[in-house]
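First comes the structure, then the notes that go with it.
As written, the chain order gives the labels A, B, C and D, with residue 1 at the start of each chain.
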Amino acid sequence: MSLVIRLRTVVCLLGRFPALAGADLDVAAGEILLVSGPNGAGKTTLLRLVAGLLAPYSGEAEVLGHDLYHDRLAARRKIAIVGHETYCYDDLTARENVEFFARAAGRGTADVDAVVDRVALGDAARVVHRGLSAGQRRRLALAVALVRGPELLLLDEPHAGLDALGREVLADVVRDAPGEGRTVVMVSHELEIARPLATREVRVDGGQTAAVTPMGATMTEPAAKSTVSAPAVVPAVTP
Amino acid sequence: MTDVGYVIAGWGIAAVVLAGYSVRLVLRIRQAERDDAPRNVKP
Amino acid sequence: MSGTSLWREAAVVAGKDLRIEARARVALGQILPFGLIVILLFAFALDPDRGVLTRVAPGLFWIAVLLATLLAVGRAFAIETHHNARDGLRMAGLDGGAIFLGKAAAIALQLAVLEVVLGVAVIVMYGVDVHGLGVVLITATAATVGLAATGTLYGVLAAGLRLRETLLPLLLLPVIAPVMLGATRAFEDGLGGVPGDAWPWVGMLGVFAVLYTTIGVMAFGALWEET
Amino acid sequence: MERDELLAPIVRRIVGVLTIVSLVALVLFGLWGAPTDEVQGDAQRVMYLHVPSAWLAYLAFFITASASALFLWRRTRADVWDRVAGASAELGVMFTGLALVLGSIWGRPVWGFWWAWDARLVSTALLFFLFLGYCALRRIPSSDPVGAAKRNAIAALIAFVDVPIVHFSVEWWRTLHQKATVFNPQLNPEIHGVMALTLWIGTIAFTLLYVYLLDRRYRLAVLEHGRADVELAHAIAERTGVKAGVT
């Protein structure tokens, strides 16, 4: 059993500030991990580090078998992240944005159609990004991430600004992930929505992965593999 | 001596620049060493 | 990374940048008029009645192009800053060399259009005759590729940094000084002088373009990683 | 390879003493020992500083480029090269600036004007701005020290690759269209023996001074880096302390 994410006492700097100050994390394939913690705890930094967008300063960091010091590009090819921003271009339509990321990943029109359909963009697909509503933008961000068919999906506050339709779409995407061979790590404040989706929860505080809350979850089969032992890891518990 | 002004200007500027840079460098090193000393950083 | 996928990815990036330009019209609506105003202002600075303008037209043309290049490079990286698109492009999993080639090609194409319009303006307003059109076109092509390559390279070098607006000209202008020099001399030969004299300069511009394109493909990835 | 000091203390002391001795010799020879130039008059004495400065400028930038290349090459990658590159570039900019100013001061009485569009002058001026930009780039802090060092090394090499292109293009420019007027042979008569000796003394003195200042500038970079490390350790302790307080 391989680990999708493996961090050991990782320090990660934002400017001169150690946003992560010795974080440990193990995530197994097929898990749906919820990362919780107060504002400024380092949750977003943790996600951006795992995404290969930030370089670790010290410690050991491996994602999908790629070392995050030297091999970030290779890791990023298999990862998608939904951040606070859409990563999209204002002057392109929703569909054109999805198409760009699809082509960049060597995928075709069929994938674009499927994803646009999946996030229920409908007619909004033909609207330029700057004309989209907040809820549509959140779904577009999800589409842009999914179209690349990532092995690891990172969600940063995916529930913020999401409309009812978006919530449904997101819940489906997260629930389907293990079946599609996809691991999910999500950072969320809205625990009452996020917890039922997750198989395990890790708390981040002060730039470190702190206590793990054993929690009830909609257990899907692969998540049972998360019993990999590490200081900050407690296996998920079925209710 | 001819062109005395130019000779003085040339040698004077060179002296000021080189000495100025050297002195400033030494002072900055001293300052940095003083900042470091109490914390005992040297590995 | 195989050669074909490098070109395919580069085409994806160039297509994206050009499509954004087609929608937003920043190069067409702002940078081009800026270049024209510069051409106009030179006539104020140098009395148009004494024939000075005709003589120095090649130099003025390339100065206007150089200033426009600074703006075009700034714009090429500004489109990656909205909605954190830079992170999106990094997550897209594209090879650094491909992003370089794509962005440089888009800049080169925009500069080419700009040069055509400015060229016509210079011919009309400064009263310049074109003797060796072939030399002029080849010179412009080589110079434009060189400008786009160095511009993209320094654009990414400065892109993630504070003070990038002021740093970019300081870094870029000394490096492209030989392009300015070579293209101006070659234009002088191609417009009023003996077109055949231009070839050494064209050769120099070609070497410059090839050299910096190669460096760009190799080094862009490492610079792009920098936050 | 990680070094706190570039030169061993004993070597540094020797270099320091030799620098002072040779600088004193340069002053004595340059201002009194060397005879007055028959054509250029005493203004030629500025040359004893100008020529060594120009030589040091090229040497310093060559070392910046070499150190940058060594940093980029995985097998030799070490912080030493990044710091040497930065220190040398700073000194190079200083010597280039000095060479330009001194050349100008010499040119006024000898040529009759402060500045000439001479190939060497123009390319030296461009060199000055090329590496001034590099130094400005280095001063911008980064959250990723290895990434920033890599960025700086690439920038140094991109700039250095431009040096021969600048040199040849400017050379062509000034020779293709007009004959060189500035360096006509009449102004460069056979160099008197003592004059040549003085130029050599100047070159040696400036090179020694360069080596000494490079070592000192390197030391400053190490100290500043050490301070950054300490601040970081404090910041990490503080941050984890906050966490301990909460949980």
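Things worth noting here:
What we mean here is this: a contact is a pair of C-beta atoms (placed from the backbone, for glycine too) under 8 Å apart; a residue touches a chain by one contact, two chains touch by 3 or more.
Since we're looking at a predicted model, the values are computed, not measured.
Chain centres here are C-alpha means, and the one lying farthest from chain B is A. Central chain assignment: C. Criterion: smallest distance from chain C-alpha mean to the mean of all protein C-alpha atoms.
In this structure, the chain pairs B-D and A-D differ in their number of contacting C-beta pairs, and the larger number is found at B-D. One simple way to say how far apart two chains are is to compare their mean CA positions; for chain A and chain B this gives 53 Å. Chain B and chain D have Cα centroids separated by 15 Å. In this assembly, the C-alpha centroid of chain A lies 49 Å from the C-alpha centroid of chain D. Chain geometry summary: the mean Cα position of chain A and that of chain C are 39 Å apart. Residue positions 225, 227 of chain C each touch two or more of the other chains.
Annotation for chain A: residues touching 2 or more other chains are 54-55.
Touching pairs of chains, sorted by label, consist of A-C, A-D, B-D, C-D.
Within the complex formed with chain B, the chain D residues making contact are 4, 27, 30-31, 36, 41-43, 45-46, 49-50, 53, 94, 97-98, 101-102, 105-106, 108-109, 209, 213, 216-217, 219-220, 223-224, 226-227, 229-230. Across the complex, chain A meets chain C through its residues 48, 51-55, 72-73, 76-77, 79-81, 83-92, 96, 100-101, 103-106, 128-129, 144, 148. Residues of chain D that touch chain C in their complex: 126, 129-130, 132-134, 136-137, 140, 142-144, 147-148, 150-151, 154-155, 157-159, 161-162, 165-166, 168-170, 172-173, 176-177. Residue ranges on chain B touching chain D, taken from their complex, read 1-4, 6-7, 9-11, 13-14, 17-18, 21-22, 25-26, 28-29, 32-33, 35-36, 39, 41-42.
On the chain A side of its complex with chain D, the touching residues are 11, 13-18, 21-22, 38, 54-55, 57, 205-208, 210-211.
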